[in-house]
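Next up: the structures, one after another.
Shared between the two complexes below is subunit A, which pairs with subunit B and subunit C, respectively.
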Partner chain A sequence: MNDGRGAVEQVRGAFARAIMEIGVVHGVPMLRLRTQDVPAVARYVHTDPGLRGSLSLLWVVDHRPREARHELCYLFTLAERKDWLLLSVDLTQGEREFASITPMVHAAKWYEREIRDLFGLIPVGHPDMRRLVRHEHWPKGSHPLNKDFAWDQVLERAQGEYAFRKIHGEGVFEVPVGPIHAGIIEPGHFRFSVAGEPILQLEVRHFWKHRGIEKLFEQQRLTDAVPLAERVSGDTSVGHSLAYCQAVETLLGIAVPPRARYLRSLFLELERLHNHLGDVGAICNDTAYALAHAHCGRLKEQLMQLNDRLTESRFLRGVNTVGGVAMDLSGAQLAHVDAELHTIEQEFGGIEKILFANASLTERLENTGVLSERIAWDHAVMGVVGRASGIDRDLRRDRPFAAYHECQPKVAVYRYGDVRARMRVRLDEVHDSIRLIHALRRQLPMGPVITGPVKTPEPGQWALSAVEGWRGEILYVVMAGEEGRIHRCKVRDPSFVHWPAIQWAALGNIVPDFPLINKSFNLSYAGNDL
Partner chain B sequence: MFRIIKKSLATGVVTGQYPAAKAPSEPVSREAIEKAKPFRRSLTIREVDTGSCNACEMEMNALANPVYDVERFGVHIAASPRHTDALVVTGPVTVNMERALKDAYKQTPDPKLVIALGDCAINCGVFKGSYAVTGPVERHIPVDVRIAGCPPRPAEILAVLGELRKDRPNSDR
Partner chain C sequence: MYAMVQLVLIVVQFVMLLALAPFIVGVIRKVKARLQCRRGAGLLQPYADLAKLFRKQPVRSSTTSWIFTAAPYIVFASTVAAGLLMPVFLSHTPLNFAGNIIALVYLLALGTFFLILAGLDAGSAFGGMGSSREAIVATLAEPAMMLSILAIALTAGSTNLSTIVHQSALLEGVVLAPPAHLMALAAMFIVTLAETGRVPVDNPATHLELTMIHEAMLLEYSGRYLALMEWAAGIKLLVFLTLIVNVFAPWGIATSVAPLALVTGTAVYVVKVAGLAVVIGVIESMFAKLRLFRVPELLGAAFILALLALVFFYTLRG
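Right after this comes the complex of A and B.
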């Protein structure tokens, strides 16, 4: 695993005084800083040409009741070799203010607003201090992730109004959309400012579905919370449960048996497949190309039924469990998977030919919803959306987990950043997933599929885990509490990063193209809102 | 064009190619069937997500694919609550969605049905008790039909919708 030691030396060379302590947590180098130095160091890590760190995660831990401090942790992914570098800082003695890094590191914008809402800590210097998660009717002083906030309390309703960013001028209109949408999709609010057809500004206002998932995790034991992780975002049940399980396994000292690692990869690819197929169809549907939608919907359904036959869940729920996988696949089942995927690959090849022979489809996709590489980089975008904008990141290759050391993916990268590129990435990944599943099956080792825990983690120990789900990088930070409970679980679905980016991709496009752009991102509202 | 026709012919009809549904855990009540009578053989649905994990939405979307093709039973998905006969609500009702749900209910013309889809809508599922969840759907609006499951399979949803409208005459009264 990459360790980023060179980067630590470089930062230490530049900021010798700012660093209070250097440590390594499960292979991730960690620099403990003085509070006032965080913006300068973050800026350096973000902009130095040798480091080019992109902010992957920013989270806070309330260490009460063991210690009276809040700890802020900034996780950067460095451009070279995709190393991780962690900066951390403590707020003690009731300090409520910390210096915002958003003016230097744009990707921190939503994280810091989230921290303000959930912990009541104030990012001083943040350009946008409006509420994010807590809608206006939440009472003052309700910060649910603080330890003195009871998880099951009933919130009172206050009065308040959210101030959307306004654009003034002759002929400028606002188009409000949502929270309840016309199609069968999740709730979220979009506020378009338009002059004629083109979008001058899009503001996304989400968190309608905030269910308090991170607080719910804290009520559970480390080994029991997999069903909750599966329900963070239903379409990514395997991705989320896998990321959670990996973090807990690091804490419990579990080495997952090889066969389980292979099966996990196999299930993760099955999930990627059915979602990508559905997305390709849905993108076509939003250009009114119903034929392709019907064919893709049919293939997706075939996969969902395959999932159901294999695991008795169309969403592959109940597969991942702490220590391995809960069910083994027999030789006959694996042969069945191979055969099904073979027919799907052939069929899909035929549909692809039909798609690209259709100029009225490709015309709609090209140059629509362009997310430039620069904006993608500024927002720390990754996953399918990033790879369509020239961001060459894939955790399966960069930080291999499960069985990806042995079965490596071919990473598809396009540069145009438009809807076409996002669809192209998906098409390529469909073929590659099928190839991977065949390869995983061929190399599948024999042996057990689950093992038990080796040790019990000390309270305060934590682990970080990353999984390349079908949308992108899913990150989990799990900290152990007393008696095998969870003290803190930070969940980061890629959607949380991509929603701010979609506001940029929509600019200059016409309103009727927004559903198409939205579909090409296909972000989770549930995974974003938590 | 030739390619498209060839593909369609090679594919054939896929509608109905799914395993039979298990019996629903809760039978559809007499009152609900009685209430659905004015809609005759058709039913227009508006889906409202009040905080689900989105698996229920995926299964609702699957109903529209060629395999289940819900429209063949006269079930349509409407874009607005004002055009709908039945609200299908998924997910526990979150603090932030409570008002939107009540609004949608008010905007739905009478007579109307409310279908709670999935375990979360029925009893909040894994999200039960959270500060951000105000309770199951029936705490806020009256529920007529419950479809359990996490999520219920499309075939199971179809079975309940069929049950709801059985013994309905083909033609007008």
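Right after this comes the complex of A and C.
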């Protein structure tokens, strides 16, 4: 991690007096700062051309009862060095205010509002102080992630109204959509301000299905919470459980056996495959091109049945476990996967030809819902959406995990940022996932698939883990508590980052094109609401 | 005796329009399903859907006025009346004295007008959006439709549909001005897709409220009101398909009330209309829906085609 140290040296050179302590946590360089210096340092890390830090995660830990302090941690991904840099700051007892970095680092916008709702800490200088996670019916002063908030208490119902941003003017009217929809979709509210058909403003109002996932993690033991992680967002079972397992394995000092690492990559690619296929079909369906939808749906179903035959779960649940994978695949099963994927790729090639040849479809997808590279960068967008807007980021290549050191993906990057680019990233990734699965099978080492823990972590030790799921970067921070329990688990699904960005992608488009734009992002509501 | 026969013919035409409309909808759905490698619902499914809706209790929003409850009846009645003005299986339809092609167009427009009002009546955002979009489509489709039928009317020298159909039918396949004829047909076909809410203008199968045109106006309807609206939409589709087959290719239609002619005329008509439904099903499977603001361009093209058909008609006659 020489590059990481270089970044630390650079920041220290610029802000010698602001830094109280320099450390490294599981390979991530960490700077402990004075409270008042955070905005200046964050701005420097974000804007300096040699660092270009993109805010990947902002989380808070309530250290009570061991220590009476809240710790804020800012994780930056340095675009130029493909490395992480962590800034941290303490709020000791009684301090409830911290300086907002949102005016400098736009991507902090939702994180800081989330912190205010869940911990009651106030981001001073934040331009938008409305509630985000806690809807207005939550009573005042209820901040569930504080340690003095009992996880099973029933809250009273308060009154209140959320103030949407208003646009005034002749002929401007609002179109409210959701949270209950006509189709089988998760709950989310979209408020359009329109003048005729063009969208002047879109505001998303989510968090209707807050389940208290992070609080629930705190009731679990480190080794027991995999099923909970699998259910954060049902369509990303492998991505979330893998990210959780990796963090716990770091804490427990487990070196996962090579065969298990390969199988994890294989399952992650299987998950990417069936989701991408479904998305390509769904994008076509929203243009009323039902033919492609039907055929993509058929292939997706084939893949899910393959999942079912391999693991007895269509969504690949129960595959990952702390220490490895819960099931091994036999040679016959692997050969079956190979054969099945071979036919699927052939059929998919046929569908792809039809898609590219259909001018009426291309006409709908091109220039629709453009997310410019600049806006994508400002919102720290990554994953499929980012790669379609020219953000060349893929954790499988940049911070390899599981078996991606040995089997490297080809990263598909497009620059136009429209619906078509997002579809093309998916089309390319379907082919690449199939290639990767074939490669993983060929190189699959023999040996055990699970191993036991080496040590028990000290309370307060924590680990960070990142997985490139099919949507994008899934981040988990797991901190150990007393007796092998979880003290804090921060979950970050890429949807939390992309929902604010979709508000920008919709601007200037017409109302009937929004479902198409939304489908090309295909974000999770559950993974966002937590 | 003559009056009796005419009355029976009117009743038969009335029943036929009502009975055949759901079947045509079923055919289109079936074709689409087969092209997607699905088995699809049976051809009689639309009948079952209507029967189910008629049995259900309608729910009425408290913010609606009398327009909301009256609209389904007006839409249904005006559409059926339009269907009675045109020749279906017999070239001289008994009610041809009651109105010509212009009356037919305006009967359909009356239905559309009340549909638009009904969409606005409940005050929901989606209904309003659907209504405003329908208004754009309807105003642009109407002139193209008028012009394209007028191009054929000029050949016959009359705006009375029965006269037009009867004269063309007697020619037995000879088209006087083929280029004009084909262009007017193309214009009429585009108008049909637009007016009846089919792909590429609207998507009758979508659940996405934001993209809807026709369905958005019906969102507040339930029970027998919804059944009437859906049935009327099916009849409107059938009216347009009938116009196409009988105005542009009436060969085989009964030109007299002889029983044999009537039977073959009916059979030929059903086959032709079902064939056209298959064509629509195939088109819906081949194309994506147009961006909303491209719809005026498509309808503009239909208008130009119809206009060219008129010009060709005059120039070719010298």
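By definition in this document, the second predicted complex is superposed on the first by the 527 of 530 C-alpha atoms of A that agree within 3 Å, B and C clash if a C-alpha of one lies under 4 Å from a C-alpha of the other, contacts with A are read in each partner's own complex, and residues count from 1 in each chain.
The rule is simple: a contact is a pair of C-beta atoms (placed from the backbone, for glycine too) under 8 Å apart; a residue touches a chain by one contact, two chains touch by 3 or more.
This structure is a prediction, so every number in the text was calculated from the model and none was measured.
After superposition onto subunit A, the modelled positions of subunit B and subunit C are compatible, with room for both.
In the superposed pair of complexes, A:227 makes contact with subunit B only, with no contact to subunit C. Contacts of A:209 after superposition on the shared chain: subunit B is touched, whereas subunit C is not. Of the two partner chains placed by the overlay, only subunit C lies in contact with A:364; subunit B stays clear of it. In the superposition on chain A, the chain among subunit B and subunit C reaching more residues of subunit A is B.
Contact with neither subunit B nor subunit C is seen for A:330 once the two complexes are overlaid on the shared chain.
Of the two partner chains, neither subunit B nor subunit C is touched by A:93. Applying the stated contact rule after C-alpha superposition, one finds that A:511 touches subunit C and leaves subunit B untouched.
With both structures placed on the common chain, the touch criterion links A:174 to subunit C but leaves subunit B unconnected. Judged by the touch definition given at the top, the superposed model places A:154 against subunit B, while subunit C stays out of reach. Using the contact criterion defined above for the overlaid structures, shared-chain residue A:346 touches neither subunit B nor subunit C, since it reaches no partner. Following the chain A superposition, subunit B and subunit C show a smallest Cα-Cα distance of 5 angstrom. The residues of subunit A shared by its contacts with subunit B and with subunit C are 182-183, 291, 294-295, 298.
Only residues 3-4, 7, 11, 14, 18-19, 47-62, 64-68, 77, 79-81, 91-92, 94-97, 99-100, 104, 125-127, 129-133, 150-151, 153 of subunit B touch subunit A when the two sit together in their complex. Residues of subunit A that touch subunit B in their complex: 135, 137-138, 144, 149-155, 179-180, 182-187, 207-213, 215-216, 227-228, 231-235, 237, 278, 291, 294-295, 297-298, 300-301, 304-305, 308, 314-315, 317, 347, 350-351, 353-354, 357, 524-526. Every residue of subunit C that touches subunit A in the complex is listed here, in rising order: 32, 35-38, 125-126, 129, 132, 199-200, 203, 205-211, 284-294.
Subunit A makes touch with subunit C in their complex at residues 173-177, 181-183, 196-197, 284, 286-291, 293-295, 298, 358, 360-361, 363-364, 368, 510-515.
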